[in-house]
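In the two complexes that follow, subunit A is the common piece, with subunit B as its partner first and subunit C second.
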Partner chain A sequence: MKNKKVKEFLLFGLFVFPAVAFVLFSTGIPFIMNLYYSVFQWNGVGKSMKFVGMDNFVKIFTNDRLFWRGVRFTLKFAVFYVIIVNIVSLAVALVMSKEKKTSSVGRAFYYVPYIISLTAISLIWKFILGPGFEALYEITGWGFFNWSWVGTSKLAFYVVVIMAVWQNLGFYMVNYIAGIIAVPTELLEAAKIDGANGIQTFTRITIPMIMPAISICMFTSLTFAFKLFDIIMVFTKGGPANSTVTVAYNIYQEAFSNNQYGLATAKSLVFVLFVLAVTAIQMKITKSKEIEA
Partner chain B sequence: MMRRKVYSILLSAALVMASLTGCQSGNEAKETAAAEEKNQEPQKTSGEESVTLKVFDAHAYGLEEYGEMAAQFEADHPGVKIEVQHAANDSRTLLQSRVNSGDIPDVFDIESGTAAQMYYEYAYDWSEDTRILELFNEDAIETGRDEEGRVKGLPWTYENAGLLYNKDCFEKAGITKLPANLAELEEACVKLEAAGITPIALSAKDAWVLGQLSTHFILDKELGAAKTTEGLKSGELSFADLPHWENLFGFLDLAVKYGPDKPLEMDWETSENMLANGQAGIISMGDWCQSTLDSFNPDANLGFLPAPVGDTEEDTTVLSSCNWIYMVNKDSEHLELAKEYAEYILTSEQGQSWMCEGVGAVPAVKTEKEVKGKLANDAKMYIAEGRTDKWLHTIAPTNFTATCGAYIQGYMTGDMSLEEVTQYYQEFYTSGN
Partner chain C sequence: MMKKFRRVNWLSVIIFLCSIFWLLPLILIFINSFKPYNDMIQQFLSLPKSWKLDMYVETWMKFEFPMLISNTLLYTVTTVLAIALMAPMAAYKLSRTKSRFSGICFILIIMPMMVPFQSYMISLTRVVASLNLSGTKLGQILVSTGLCMPLAVYMIHGFVKNVPYELEECARIDGASNVRIYFNIVLPLLKPILTTVVVLDTLSCWNDIITNQLIVGGSAKARNIQNALYMQFSAQTSDWEHALPGIVMSMIPALIFFICMQKHIVGGMTAGAVKG
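Take a look at the complex of A and B:
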């Protein structure tokens, strides 16, 4: 009896080991190195480092305007992004989960932005907001098209939100479709017989039944929003006037442009703790709403 | 039932795709690596031992000439392969990550001053190689000296920064005298606008351009570049006391008023294109962009407009420095070869034609060779008149142009006031970085 358990454990370990080793190598070890660097002042290149204790952390909380600006931007972005991307992708998924010929075309249509490279996306948007809007302005005369979308601090925020939603919509859509398809038809039919209308079946049956999908989508969209970096790096470079600097981009700048490697690692630690806390709360809330079919 | 199976297969396929594309962002970094010059096949032929010299070049100017030059070196040294990475964008980040990962290039170039300091401990000390040092102009060698006076890098070319103007546009607009102060500049702008030309096209999207621009207004000519910077860093000088500082904002006001409709969307490529093709009268840049300008319009008639920072012509200067130095990794496995290559690209006949013709700039090495770049030749006039000073942005605290350029952007968008920008500059200089 005991032998069998040991055997099972070994077998389990054998299968899990490669994954664990890989995760430790790519995440665990760098994380520990991060802890180490965060108490040093180091330019990221030199052979010597200066031990400064908690100075880096003190600096973050007392004297780092740009970091906190990044925090505000990131939080604002997270709120907008999580709400918009989830509502829109759920709506799209509801339409696309119907078994029609058009829906497979539609799904591909929404999924494509997710698989093209960000560089191409940035070029597409550069074109849309540049010559594209210019031409539309000439045709329609609507002032809206002539605004300086990426050259004004306020508008640049919305451009980033729209780009991020547009790019990732397909991913959340796929998740929601998977959830919607799994809703047992007998439940839906029973509700229909009982006289429930479309809205009632959606809120009373579909939503509770796809709670796992909602939970996953909320989680991934939240972490994506907090870690937002690539769009900023490729498209706005944090500009204009630092108005689109996110926390992740600020950390990158600190490490590779300002050559304050220690300070950057300290910032990333603060940030990790924050993201952990928020996502833990979020998981707890959405998990509690999940039900078994 | 069957249908559901099909769906689940489709979905899992989609998810696999999703997880694969998740790695997509990682490809970003490789993008620049794609610009690397990949020489055809690694020599796997048996017998002969082959040596690969890793070279990091922070420019993408005169690539054709560079290629020929490297090929010539390979031909002269059988068994030697030159592996060059040209990094036009983010060169500092790329170099840093190579050094971090232990992949230190044998020969690499870096902007002199603050950026180069970090690499001094990796660099070979040229101080003893007087034969090589004598090939260069004395003042150029100075840019590569560390605090103890050791020569840590060999200089590349002279670069001149300032406002560039299109001579044909000025002629068309009927401007006969170069504006020497802001009032005259505004007059010129009015004339240019009347002639249907965008008077000033600053590439304000790129913060570094604005950061560089501001250094003209920081410079206190009495003190010179180095002393002004030192004074600001130590706090002895304050921005409010600088003689020309406030004119920066007058200039920016003009740049917004007489600039493109969406000033903060102008990138350096567009602004250079507009200048070269006579659509814009004035931009802020330097002669390092000569080859880009030539690619837009080889016949463009361009020149330097010393920034009108004060009241008279005496106050105006072109900033001129030898600001890139080539370092040799002192721990290189092929140190002698690396030294030879550095000497070769900076002093040899091929190297000189790369710099004079490919890049179009005045080399730091003593030479009689004719320089192709019109701007570099135009700058010679100011150098001869003594109306130049050294660069300030390379000796300012780390990452000056991007950090402070963003503040200037803030002023241009109306997010920040003159006082705020001044205060932020002050804080940046005294931050001790």
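Take a look at the complex of A and C:
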């Protein structure tokens, strides 16, 4: 009897432990080390680690302007990104789901940016906004093309929003199309017979019926916005003059540019709690609005 | 009848034009990659005078593309194989074993989906450095396998529930061992979801820049194609004559893969949507 249990456990270990080991190596252990480092003052390379208790956290909340600037930027980005990407992708999805034949090609075009790498995306936009706009200014003479898009803080913000929307729109569009196609046609026909016009059908039937898709898209776009890091790291590097530093990028800067390792890990813990709290609230709100078909 | 036909066509035309507009940045990159720099500025929108591949060949040689491509392929293939081997095994056993320990293991594996990568990446570089793996190819492979694991296990775990348990029982009565049951009966049935996982992970490994930057950043020998392009061309003044062919060449494999695997990618995008 005992033998059988041991055998069972060995089998379980054979199947499951390799996966567990990999996950612990690349995420579990680093996360626990984060907890440990966050109460030290340390530069990340030297031997001297000074225990400072909660000082790192106190510092974040009282005396860290760049971090809070990052929070403001991230929130502002989240508002713009979530609204724009969801409205545009829903609109595209509505049109696409009406027209079956051409839309499969069209759909593919929309999600091509989603499958190319961030390096390519950032270099592409650097080229378009640099030499490209210069050339277009020569041709058209529109002042719009002559603005310093990457060089001024205000415009750099919009460039980041546009790049993020351009890259990810296809993902949300696919989710919305899946939702719209699943709306039963009887409901739409019944509404038509009852004399509802296009707008009424959309707000009273389509929207409530695709609420699951909306909640998934809102959820993913919000978490994407809070975690915004890749585009900043590869494209703006936080510039000009730290105006596009996000929370995640600030953590990275703190660790690798300022060599404030302990402070950076403390910040990343604050960041995790912040992201988890917001997503929990948001999940609750959207879940309560979903209805049964 | 005729009228209806025309109206439908117009909608298609509009959809098509909008889609082209969406891809305009890519199209402009492609046509400009064949031009010398002066022509890029002076004839930005027109087709190149000749479709000569000179700059492509030069970029290929100058930036050691054969090495970069073989590195990137090595990372992608080994990571995907490791995932395809381990993730379904773990997901299958976790789904079939109903014990508290199994539940804890499952939560341990999928937990990273909730926690943003940016919050533990700095300590990850410490872990890798303490094992003397930073700057090595092995380090990159181990890390990217670990990072791809949670979503893969999660997606397959959901799918295992649809695999009928009766089949396994029959095989057991016929005297097949557990390992044999898994490889001969369960694994073939997991093929649809496994394809999706493989396709998603292939793309994310090929396109990866952040982990490559963090793990092998300094060592030129272990860079993948995305990281090398980033290191070469992200400086303020860019050498566009080489950068554009480089970008195009780095995208071509991903685009071909995308065209072949379109269905799975779209399916995977909606299936993976729960990732936080």
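By our rule, the second predicted complex is superposed on the first by the 260 of 293 C-alpha atoms of A that agree within 3 Å, B and C clash if a C-alpha of one lies under 4 Å from a C-alpha of the other, contacts with A are read in each partner's own complex, and residues count from 1 in each chain.
Quick note on the criterion: contacts are C-beta pairs under 8 Å (C-beta built on N, C-alpha and C of every residue); 3 or more make two chains touch, one makes a residue touch a chain.
Note that this is a predicted model, so its numbers are computed, not measured.
Following the overlay on subunit A, a clash is recorded for the pair subunit B and subunit C. In the superposed pair of complexes, A:F22 makes contact with subunit C only, with no contact to subunit B.
Once chain A of one complex is fitted onto chain A of the other, the partner contacts of A:A248 are limited to subunit C, with no touch recorded for subunit B. With both structures placed on the common chain, the touch criterion links A:P208 to neither subunit B nor subunit C. In the superposition on chain A, A:M33 contacts subunit C only, with no contact to subunit B. When subunit A is checked against subunit B and against subunit C, the one touching more of its residues turns out to be C.
Of the two partner chains placed by the overlay, subunit B and subunit C both lie in contact with A:D230.
When the two complexes are overlaid on their common chain A, residue A:F171 makes contact with subunit B and with subunit C alike.
Applying the stated contact rule after C-alpha superposition, one finds that A:S117 touches each of subunit B and subunit C.
In the superposition on chain A, A:K47 makes contact with subunit B only, while subunit C stays out of contact range. Of 4-12, 22-30, 130-138 or 184-192, the segment of subunit C whose C-alpha atoms clash with subunit B in the superposed model is 130-138.
Put simply, subunit A uses residues 44, 99, 111, 114-115, 117-119, 130, 171, 174, 178, 229-230, 233-234, 256 to touch subunit B in one complex and subunit C in the other. Residues of subunit C that touch subunit A in their complex: 8, 11-12, 14-16, 18-20, 22-23, 25-26, 28-29, 32, 37, 40-42, 44-45, 82, 86-87, 89-90, 92-94, 97, 101-102, 105, 108-109, 111-112, 114-124, 126-127, 142-143, 145-147, 149-150, 153, 178-179, 182, 203, 206-210, 213, 226-227, 229-230, 233-234, 238, 240, 243-244, 247, 250-251, 254-255, 258, 262, 265-266, 269-270, 273-276.
Against subunit C, in their complex, subunit A makes its touches with residues 11-12, 14-16, 18-20, 22-31, 33-34, 37, 44, 92, 95-96, 98-99, 101-103, 105-120, 122-128, 130-132, 134-136, 138-139, 166, 169, 171, 174-175, 178, 216-217, 219-220, 223, 226-227, 229-230, 233-234, 248, 251-252, 255-256, 261, 264-265, 268-269, 271-272, 275-276, 279. Against subunit B, in their complex, subunit A makes its touches with residues 43-47, 99, 111, 114-115, 117-119, 130, 146, 148, 150-153, 171, 174, 177-178, 181, 229-230, 233-234, 237-243, 253, 256-260.
Partner subunit A is touched in their complex by these residues of subunit B: 3-4, 7, 11, 14-15, 17-18, 21, 24-25, 27-28, 31, 92-93, 96-97, 99-100, 118-119, 121-122, 204-205, 207, 261-265, 398-399, 402-403, 406-407, 409-410, 412-413, 415-416, 433.
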